[in-house]
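These notes open a run of structures that come right after.
One chain, chain A, links the two complexes that follow: it is found with chain B in the first and with chain C in the second.
Then we have the complex of A and B:
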């Protein structure tokens, strides 16, 4: 006899708003004949705002929901707001692109909403089943988004590739979850922590963990599970690429951080050796491959891999003290606190700078869906569109980690935590890597400011997109100069997760 | 007024940045107005720097006008500005060159003037901030921020190979700073704060000191540049527009020597003492190498660029003589070099605007047609060579004197002897260049009828000439303000009982050892 756990409606309200909103948007599009596409954009925006208002206005007791399937706390709320913001920005970018193309893609709007719903669930998951549910909801929506330009071969190829490889990754994750269930007798994080803490898991438990890790590694694009990233980022329309580079990555990291800290604090030793190797590989390969790209979208794809490497450094810093002293609860360690809040800060900054960059990229295309996807297409941009060029330049400097931008402070927080966690060689390697990255980010600035105009310039313009990207770039600088308030917030958010 | 006097350091630092933002936001399409606004802002900044100079009390040589506020991480990273004698003269130099540079570009610049002005002002903020910061992270932020405007100045308004030069400049400097960042993080881990004062009190083992010193010194040595890390300099100088070269030679290169004196040496005293012979020798190699290479240049600008390598070799030698005299001379030389080399680049720029060439072979006999220009050039050349009575002499003399009396530097006298040949070589290549350009018959037809100095150019050059003479005749004006601060900064290096990496505690105060021993390495206990 299955007992239905009590449902705490206020806590679930944001999820319901987003999910219900998605359905409404889809139905409105299908049945309201007199619709203009602006209406759908506005409606989608309203859904996002409604969800945000629901989170601000209704404050449920933080804690486990639906019998421990989901956890709602400040940590998940931090990610919810971030994801809603990214969703909103993507909606605006997307509708600008579609009006520029003269192409109408109504399915885009509900898909973004469903993807965001999946991501929010993914971050809040406290059970492997919900984790899987979140990942799949997110992924199915994103597979379809990648295929945003149906007529174009590249876009379809990217979608197919992503779908096939993503399915494999999901299968790995599911297999791992099954093995863990077999060992732990339950799928909740708490059950895993109970078995993991005693060290009685045995080899099957370790294999299960490894398979779950593969699932995560695919979503955050860790080397060697990164092969899909450049092709998919390149093939998808630029605003979707921006969505993938930011929201998908943020959500996957949000879930990964929760998973390792809640479910596996006692098993750091099993994870950290393997994770160290993956971290080094991810950073290095991402940066080296980004160096030789001629396409700006591929370059940013590899750069996002490199950034995943820096973020993994933070995850390692969380695991390191637990490895030294398995009995000690994580929340008592200052290093864990520093690494965790640094990770959240970095993720926030990373999303801001990437969204700013992809905004400029998405608006510059020509009508008919031709994108300015090569670095060379940006020649002399500063003369034609000074604001767009400045925004992209700020984003590039921030990605490169130049002081005065949020990218620098994010790295500062992460590397500082890594050094405190005794990961000095890794931190040095990270610093060397960010030096390497300067070269390819700088190249974009070089072509924009120092090269002459090309003969047939890309000159798409959309003031909404530029305004939004400009605000994001301003935030990049603002947070790079005054980080204290936001860092305090991320610190608090991470603290609530540790309990 | 209280606002000004309480926050004068913030004002002097951020006023140019405010000007830059106004230009970018309001005057982006009005080049003339942007130029005038930039000029006005730079002059106002100079006014503030003069106020600073007047209000500074030289006797204790301590940090003054201190501004402190928590920045982030619960106040462990602070916004901390302060000014002592060393910072003071360098800030004044920066503020003086600022308006001159902006004024000098008015005719030569045709495209994207507002952006240029904004970048020049932005650069000024970063440079002044670097000199005033007393929190390591704040320092690092300003230090790296300097790269961005300079990179644009070279890359957008530079010569034909500007992109190569700009990227090389950026990557070289960044490569150095990255290791400094690791060292900063390590010290932060040890100290738990980024405050310079707390770092000076850190108890580091000699081995730690050596590594940390190496990381800091590498970053600064690239910026100076110390031989053999100088290869970015000629490229950057030759490709940079006149304004870029002036700022680069006038101020940016001093960042390296300033950083050595302010951070690398006092923070890691034992390592600094150990490494002093190596760095002094590198300084001397730089002096001679720079001079010899300058001698064979056929491009005037390249010649001046290599002369910078030589002159800054003197500064490095002075600092690592580990004497207050030598280091004070080093700071003076930074100032003097800023004036004379800044002036030379301005003059070369003026010539290039008229003739569009910098090849020595294209010139000759210019003194006939441009007497005023030739006279100013001569004074600047002589100041650069180090003629007594002009600014260049004082610094070099003090450096050589300090090194000669150094008890810690092995073979100090030999080093002085070799370095002194640099003075002679300097006279040779500079006068040889002067002769080729200005003396003899007017060679080519193109050299005839070149206009002499215009009014605007007078405005730019006269202040420089005045200061070159003034500092040469009355060096005490500067030395009195710099000396006490240099002694304070060097205190950790002269403390008795300093444990060197090879393990021996240092026996006695060094100045007690007769300078005649000279050999330094083996002092009698």
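Then we have the complex of A and C:
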């Protein structure tokens, strides 16, 4: 028996634009013979802008869609805009690389569109099946993006590693979803919350939640599920690495925060202890391993693991008060509000600074697609390319959390929320860790500004990329000085999810 | 629940013990006479030629992928056909048809893309 769920087209419009746009870009690439390289860039950019305009122009009634499978609200719209922005920036970076290199990969454009579609669905999911669908749509596209340098062994190796390990993680997630379905009699987050609240789940419920956590842990690169990160970030082309470090992480965290907040009553008991251990491990291992990297892409890979650790601190702060006081609704808890809006602000800032850094990295290279991926390749960059060096320096300062940048404020909001949630030792450990991280971020700045030029310098290849990365770096500073408006926005967005 | 699981556990235990027992017995009692022929890999009785790590044409990989796409399509179509009649009665026929149409259209787009890009040419 098929029943027709009510379809609220205005709410689904952005997804349809991105998905349909991806198909159109594919067909144009296949059929139009007289296509220049930048035509596809323009078309992809138009699709992204179209989806953004669809979200601004059409204001649907917020709430569950398609029989409770998806939820469209300000929280998901916040992530939609963030992901569309990252997709657009990645498209520009990618096309800049292709305009210089011989190895042109037109499938890059539809793959970015499909990946963004998967991410948007992932964040909006209100059901484990849709969560899985979103993760897979995103992952399959990103697997293919990773092997973007066809001739290079490292790129193919990275893609294969990511595919195999990612499939394992998806299988864990699916197994967990099956167990949870067995316990709750439904796959919606609401059904999970109902069972978790009564505490009747039993051991299978705990195992199911644990397996779902593994699925999330892989996508956001928590230790000990981080092993793929350095190899894949290193092997992928720099513009794709930037996309993975920002969009994939933001989408996975967006879904994780939603999952944690909605399915909360059952989670706090099962996850709090486990997540505390994972948070400490993730922060510490990420920072310690980043200290000794010679490759800038591997260093940023470990740094992204460390940042996942700081973000987990915020997730723990959401879980903490409910664990102590399960009867109280979440929206009345000031701690949860602070942690949630801090998380969103941090994610936004994290995406801005990483995209700026990867923009500079992706445009620096030698002919034949050789990237400047070692820290030593940046020796004396300030003399040759002052703007690029300044942008990279701002990104590094912000990643390290120097005051005056968005990275500092993000950390401030997160650690403050953690302290208010009585996670003082963890917050202190986070501060110690970010002090540690200053060393390896500033090493890049020192190499750029205080060492002699190298004998065989890498060329800057593209002014558009530098311009865009410069705008992002300007935003990093701007938000670091005037955070109030955006922080109010993230607070509002998180508030809509609490209901 | 725990009490009713005991017979199952007993059966499992007996099965494992039996298997282990015979493995140990045959290891302990069985004669061992090694010769080169015995230690060579068995391949339908014919002497083995070469190793198993051979290189094969990468197109096989593509063919396997295309098969997967269309196999999944058939798997998805079959249950859809079975419930379509009931959707006629409930007045959801247009919806069901439209949904399948969208699914097939996306699939065909992928197929056309593969075709145009030369994925089906065996050269």
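For the reader, a short list of remarks on this structure follows.
One rule holds for everything that comes next: the second predicted complex is superposed on the first by the 497 of 499 C-alpha atoms of A that agree within 3 Å, B and C clash if a C-alpha of one lies under 4 Å from a C-alpha of the other, contacts with A are read in each partner's own complex, and residues count from 1 in each chain.
Criterion: a contact is a pair of C-beta atoms (placed from the backbone, for glycine too) under 8 Å apart; a residue touches a chain by one contact, two chains touch by 3 or more.
Note that the coordinates shown come from a computational prediction; the quantities given were computed from them, not determined experimentally.
Once the two structures are superposed, chain B and chain C can be ranked by residues of chain A touched, with B on top.
Legend: residue contacts after superposition of the two complexes on their common chain; A:4 is shown touching chain C, with no touch to chain B.
Within the superposed three-chain model, A:273 lies out of touch with both chain B and chain C [touch as defined at top].
Once chain A of one complex is fitted onto chain A of the other, the partner contacts of A:397 are limited to chain B, with no touch recorded for chain C. Judged by the touch definition given at the top, the superposed model places A:224 against neither chain B nor chain C.
With both structures placed on the common chain, the touch criterion links A:23 to chain C but leaves chain B unconnected. Of the two partner chains, chain B is the only one touched by A:487; chain C is not.
When both complexes are overlaid on chain A, the residue A:386 reaches chain B alone and has no touch with chain C. By the touch criterion defined above, A:432 lies against chain B but remains apart from chain C after alignment on the C-alpha atoms of chain A.
Contacts of chain A with chain B, set against its contacts with chain C after fitting on chain A, share not one residue.
Note for the complex: chain C touches chain A at residues 83, 86-87, 90, 92, 95-96, 106, 109-110, 112-113, 116-117.
The touching residues of chain A, when paired with chain B in their complex, are 382-383, 386, 397, 402-404, 408-409, 412, 415-416, 419-420, 424, 427-428, 431-432, 434-435, 438-439, 442, 446, 449-451, 482-484, 487.
Of all residues in chain B, only 28, 70-73, 112, 115, 137, 140-145, 147-148, 151-152, 155-156, 162-163, 166-167, 170-171, 174-175, 178-179, 181-182, 185-186, 188-189 touch chain A in the complex they form. Chain A makes touch with chain C in their complex at residues 1-4, 23, 26-27, 29-31.
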